[in-house]
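Input: a single structure, listed below in structure tokens.
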Amino acid sequence: MHRLLPLLVAVPLLGAALLAALGRVLPRVVAESVGCAVSAGTAALAVVLLPHSSPPLVEWAGGWEPVRGYGVGIVLVGDGPGLGMAALVSLLTLAALAYSWRSFDEPPHGHTGAFPALMLLFQAGMCGFAIAGDLFNAFVWFELMGVVAYALTGHRVEEARAVQGALTFAIVNSLGGYALLMGIALLYARTGELAMAEIGRGLDAGGPPDALVLAGFVLVLTGLLVKAAAVPFHFWLPDAHAVAPTPVCMLLSGVMVQLGVFGVWRIHGTVFSGPGGLPAGDVERVLMVLGAVTAAIGALMCWYQRHIKRLLAYSTIAHTGLFLLGVGTLTPEGDDGVALYVIGHAGVKAALFACTGILLDRFGSVDEHVLHGRAGALRGVAVMFAAAALGLAGLPPFGTALGKSVTEEAVGGPLTVLYVVVSAVTAGAVLRVAARVFLGLGPRPREARGEDAYETTGNGEEPETEQRLVRVPDTMTAVPALLLAGALAAGAVPGFADAVARAMSEATTAGLVHTSVHWTPVGIVLGLVSTLLAVGLAAVAVTRPELLAPPARALPLRRLQSGHVGDYVAWLLVGTTVLGVLALPAVLTG
Amino acid sequence: MAEAVIVVALLLVAVSATAAVAVRDPVRQSLVLAVLGVVLAVLFTVLQAPDVGLSQLAVGSALTPLLLLLTVRKVRRRGRRDEEGGP
Amino acid sequence: MNPRTRLWLVATGGAGLAALLVAACLRLPDFGGDRHPYGDRAVRASLERHVANTVASVNFDQRAFDTLGELTILFAAVLGCMVLLRQTRDEHRAPPEPADVALPVRRYALLVLPVALLTGLYVVAHGQLSPGGGFQGGVVAATALHLLYLGADYRALERVRPIGPYEAGDALATSAYLVTGVAGLIGGSAFLANTLLPYGMFNTLASGGTVPLLNAAVGMEVACAVVVLLAGFLDQAVEIVEEGEDGERDDDGHDHEEPGK
Amino acid sequence: MNGWILTVTAVLGAGVGATLWGVATGPLRRRVVAQNLSTALACPALLLLAQGYERPAYVDLALVLALLGPVGTLVFARLLAGELAGDPPRAGALTWSAAALGAGVVLVLCVVEGPSRALVKLLVVGALLVGGNLLASRALSGGMTGARRG
Amino acid sequence: MTAVLHVLPYLVAAWVFLAGAYGLATSRNLIHAVGCLSVCQAATYVLLLAVGYRDGATAPVFSDMAPGTRPVVDPVVQALALTDVVVGATVTALLLALVVQVAKRHGTVDPDELTELRG
């Protein structure tokens, strides 16, 4: 079975190569069907491999099994989390391809296969990263998903914002990638190995951590946190996610950002968790501080947006912060909770983007103020949008709610409040949009500050379909419905959560520590509280807009998001310093 | 003493990289980058990595400058149009 | 943010990162140290498989899966460039005027072109023996082709470079790499396993099992990819004009401009 | 340490160092010449390194640089023709001395090598190096386009 | 001399990386910024190859010398760097393609003048 692991990458790559080779002659329908079929096949493969992941599948690419404990090849690790991420990635790619089926913008002349081919390459990169057990190999797939994501973000080259967002995305993420590579080189210099487990063993043999380990940790984390969009590495994300084509947004916000968090978890667990790595307390401090700040800033900025896709992008940042907090507990419960949360979030967030895409293609705008009351006719979309918003808030029995309640319990203390508030604020913002756009509630927001307002409006975005939709195609509505059903099932199907928890414990402790994951009364109450809070916030915002309007005090925060790539690079440098300072005690006391 | 040549190559790389950053005009920067490519190739050779040096030569001596200059050309042609037609 | 604030940020962040990097450098093993466990194992493994150039063995055998990833990045970047540099609805093509290149330059280009192509092929073919291989040789060969643009003009280049076959070649070479990998899987052992072919005589062109095959696939991929890539940029810089933009009056018709524009 | 490597150190330190200065400062015409000279100097340096390390395989690097270095300069000559036309570079003496250095190095190495297959390769490299750089230099100083443009 | 040499290559790599990042942050031209990014990338190659160097050793290529006669440097870092050099160039090309489109749609390549995405 383990021999099939590389196929998770090879199959979508073959599909992409085929589509690119025949792109000139294939009719569009065929190209898109092939894309769907290949991604579905990969998803099926991942799902088939998943039950075999305990004990984890281990494959040495090229058959280079280690001799006397030492290998020269590349190891792939198909454990529960890795294969689970691969399955999630593949399913979401399938959803995105199905969503864009026959409706997405006319393909470039003579390149009918280009868009599905790029999506398949994206899928391959993400799957490769999920199952990588070798640090440099992980970097390679990390780069691949980056490169494809830049190209996909800028796909609509006639849009001024799209190309700008894509360029910012590309520059910041490339720099993060080089930081990651520097970190890998430092770790290689110390240990002389590249397999993650071997590096971890090498560090442990070198005694307590020193400045070199610290620098390796900081640089590797920089690369991953740029992808995960943690504050202050997050600035590229709203710029890119707001302008990328909707199917791409579904993948970017649904899984790519979360793969950054996954990378942090995986690399910390295999490389830095031993005695030669960083002490748990220091890692906890780094992730907790960054997670809390990310969640808070993401939620606040989310509330202030009127560009719906940008609003959703900030809510992704806020939730990434929550994931980082959960991972930062370094406990099995935290890991289980985050795993569930990520699954539920992927479904909910992708569904939200899908619904927003329908708005864009139908009305040619994604601006909350401009669309006020205009989308009343789209009943089904309205229901899905609101349901997804409630899922975002953590209304039981969504998967997000279960994940959130488990994570809250693991985090404990005052941070529970942060979980409740952040999920409530982001969901409240989405509900506010739903109330205004679909129901036309409340007064039409005034264009208060004229043209010098420091904000990005959602007007002037071009529909992604060839012409404005008069009737929404069935695929475009079926996809968000299925995604929501999936998010619901993740929380409601009995046994699913336990299966996730078992897979996590198998991967981290070889099944020794088993945690049981289930609904608790406290969790349900907290979920209901954040839902009610979200509804309340939305109600106040719609009926009395001035009460919750962004105060002048918030302007400096908004000004940070300047759209200037130089600023973002400067913040990236500051971020590495912050990481270093936060983790510094590890070296001073060690 | 065998290291002297490594030291010289390293210093050349450091200086040309600094120059590539300090020279702000893209055309002139692409000239510096071409030299940086050659110097890097020499450094890789003295670090006993001829394979990497060959890669660097193949990419750095003609391909990268060509890409940069073509971009500059396209961008400037646009700039000229804007000046003529714009307000 | 104004430039001043940004400079402060860069200074703070840069100073912190610099301190971190310097501290790390001081703790690194001394430059030129003798401890390279993975490297030493790789050399032994390479000799076992009769590959004279250990770097090629690492690239196309021991860590061939990495190379697959790199190859794919290349493929994706080229596909992305093609999509990004496509001719959009508001643009049209204006064929450039033939350029007028001085005779010595033209002669040089036509003389060196075959030499460079041969060198490219040589570098690819000897990849598993001496320094070189698909990545380097592919770039050399592709660059050589563009001597036609430098020495003659864009139309001469376009005549020998119908872009379709190169795009197909790019994709087919990638598929060839993958198919070789899958053949390893079907042939009884693992994906990208180098167990199908005999390892041959050490230090000959046919040594190393599938290493020369993968090397050749990479060479073709890189060559085609670079040609397609440059085609995209040349099209943009020379041929494609937007509505209202003047065509290229003269292929070298650069206005004298102040730098720094 | 041997004489070959010592020579390389000198060529790199003085020669390439000077071209680096030239390419980073001054008017455009000086910079393009310096760029051309940097390849003209690095190529003999690579040949000497191959000899100094006793690795004939390293000669491939010099071969590729001798081929592509002038191509790179032609790129600049072609795409900067407009900007260089008003202010053409003139660096005959420098170019010729770099060419002489290249030719000298190749000659010395040929003598050391004696008649063999490697000698042929060396001669090819030498011819490409000297011819390519002289031509590239000429193209820079306005010889790129024909008489029609003047 | 030797004490300095023991860390000099690493320090050069760190310097080049920081210089590139500085240029990127303060750049006034996106083409220049992409050039700075490739400088950062060069730093990673210098670091990798410096890590793999071994005193008095030669390249791990046995076409013109018998195996075992001379010590060789680490081939693994070379393999990592070699592929990345070529791939890095194509990624640079992708960035430049985006710059071309930014110039077309915004009429400028000065990041200070790109003010569409903010807040």
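Before moving on, here are some points about what is shown:
Note that the chains are named A, B, C, D and E in the order they appear, and that numbering of residues resets to 1 at the start of each chain.
The rule we apply is simple: contacts are C-beta pairs under 8 Å (C-beta built on N, C-alpha and C of every residue); 3 or more make two chains touch, one makes a residue touch a chain.
Which protein is which chain? UniProt says A = NADH dehydrogenase; C = Sodium:proton antiporter; D = Multisubunit sodium/proton antiporter MrpF subunit.
For clarity, every value in this text was computed on a predicted model and none was experimentally measured.
Minimum number of contact steps separating chain A (NADH dehydrogenase) from chain C (Sodium:proton antiporter): 1. Taken together, chain C (Sodium:proton antiporter) and chain E share the touching chains A, B, D. Across all inter-chain contacts, the pair with the most C-beta pairs is A-C. Relative to chain A (NADH dehydrogenase), the chain whose mean Cα position lies farthest away is D.
Note on chain placement: the centre of chain C (Sodium:proton antiporter) and the centre of chain D lie 24 Å apart, centres being C-alpha means. The centroid of the Cα atoms in chain A (NADH dehydrogenase) and the matching centroid in chain B are 36 Å apart. Chain B and chain E have CA centres that are 11 Å apart. A straight line joining the Cα centres of chain A (NADH dehydrogenase) and chain E is 28 Å long. Shared interface positions of chain E, i.e. residues touching 2 or more other chains, are given as 5, 8-9, 17, 21-22, 25-27, 34, 43, 50-53, 56, 58-59, 61, 63-64, 72-73, 76-80, 82, 84-87, 89, 91, 93-94, 96, 98-101, 104. Multi-chain contact residues of chain C (Sodium:proton antiporter) (touching two or more other chains): 6, 9-10, 14, 17, 21, 24, 26, 28, 32, 36, 38-39, 42, 53, 55, 58, 63, 66, 70, 73, 77, 80-81, 84, 123, 126, 130-133, 135-136, 139-140, 143, 146, 226, 229, 233, 236, 242, 254-255, 257, 259. Across the assembly, chain A (NADH dehydrogenase) contributes 136, 143, 147, 150-151, 154, 157-158, 163, 186, 188-189, 194, 559, 562, 564, 566-567, 569-570, 572-573 as residues in contact with two or more other chains.
Of all possible chain pairings, those that touch are A-C, A-E, B-C, B-D, B-E, C-D, C-E, D-E.
Interface residues of chain A (NADH dehydrogenase) facing chain E in the complex, by the touch rule stated above, are 136, 143, 147, 150-151, 154, 157-161, 163-168, 170-171, 174-175, 178, 181-182, 185-186, 188-189, 194, 238-239, 242-243, 304, 453-456, 558-559, 561-567, 569-570, 572-573. Residues of chain E touching chain D in their complex: 58-59, 61, 63-65. Looking at the complex, you find that chain D touches chain C (Sodium:proton antiporter) at residues 28, 57-58, 60-61, 63-64, 67-68, 70-71, 74-75, 78-83, 85-86, 124, 128, 131-132, 135, 138-139, 143-146, 148-149. Listed in rising order, the residues of chain C (Sodium:proton antiporter) touching chain B in the complex are 32, 53, 55-56, 123, 131-133, 135-137, 139-140, 142-143, 146, 226, 229-230, 233-234, 236-237, 242, 244-246, 248, 254-255, 257, 259-261. Residues of chain C (Sodium:proton antiporter) touching chain E in their complex: 3, 6-7, 9-10, 14, 17-18, 21-22, 24-26, 28, 30-34, 36, 38-39, 42-43, 46-47, 52-55, 57-59, 63, 66-67, 70, 73-74, 77-78, 80-81, 84-85, 126, 129-131, 133, 135-136, 138-139, 203, 222, 225-226, 229, 232-233, 236, 242.
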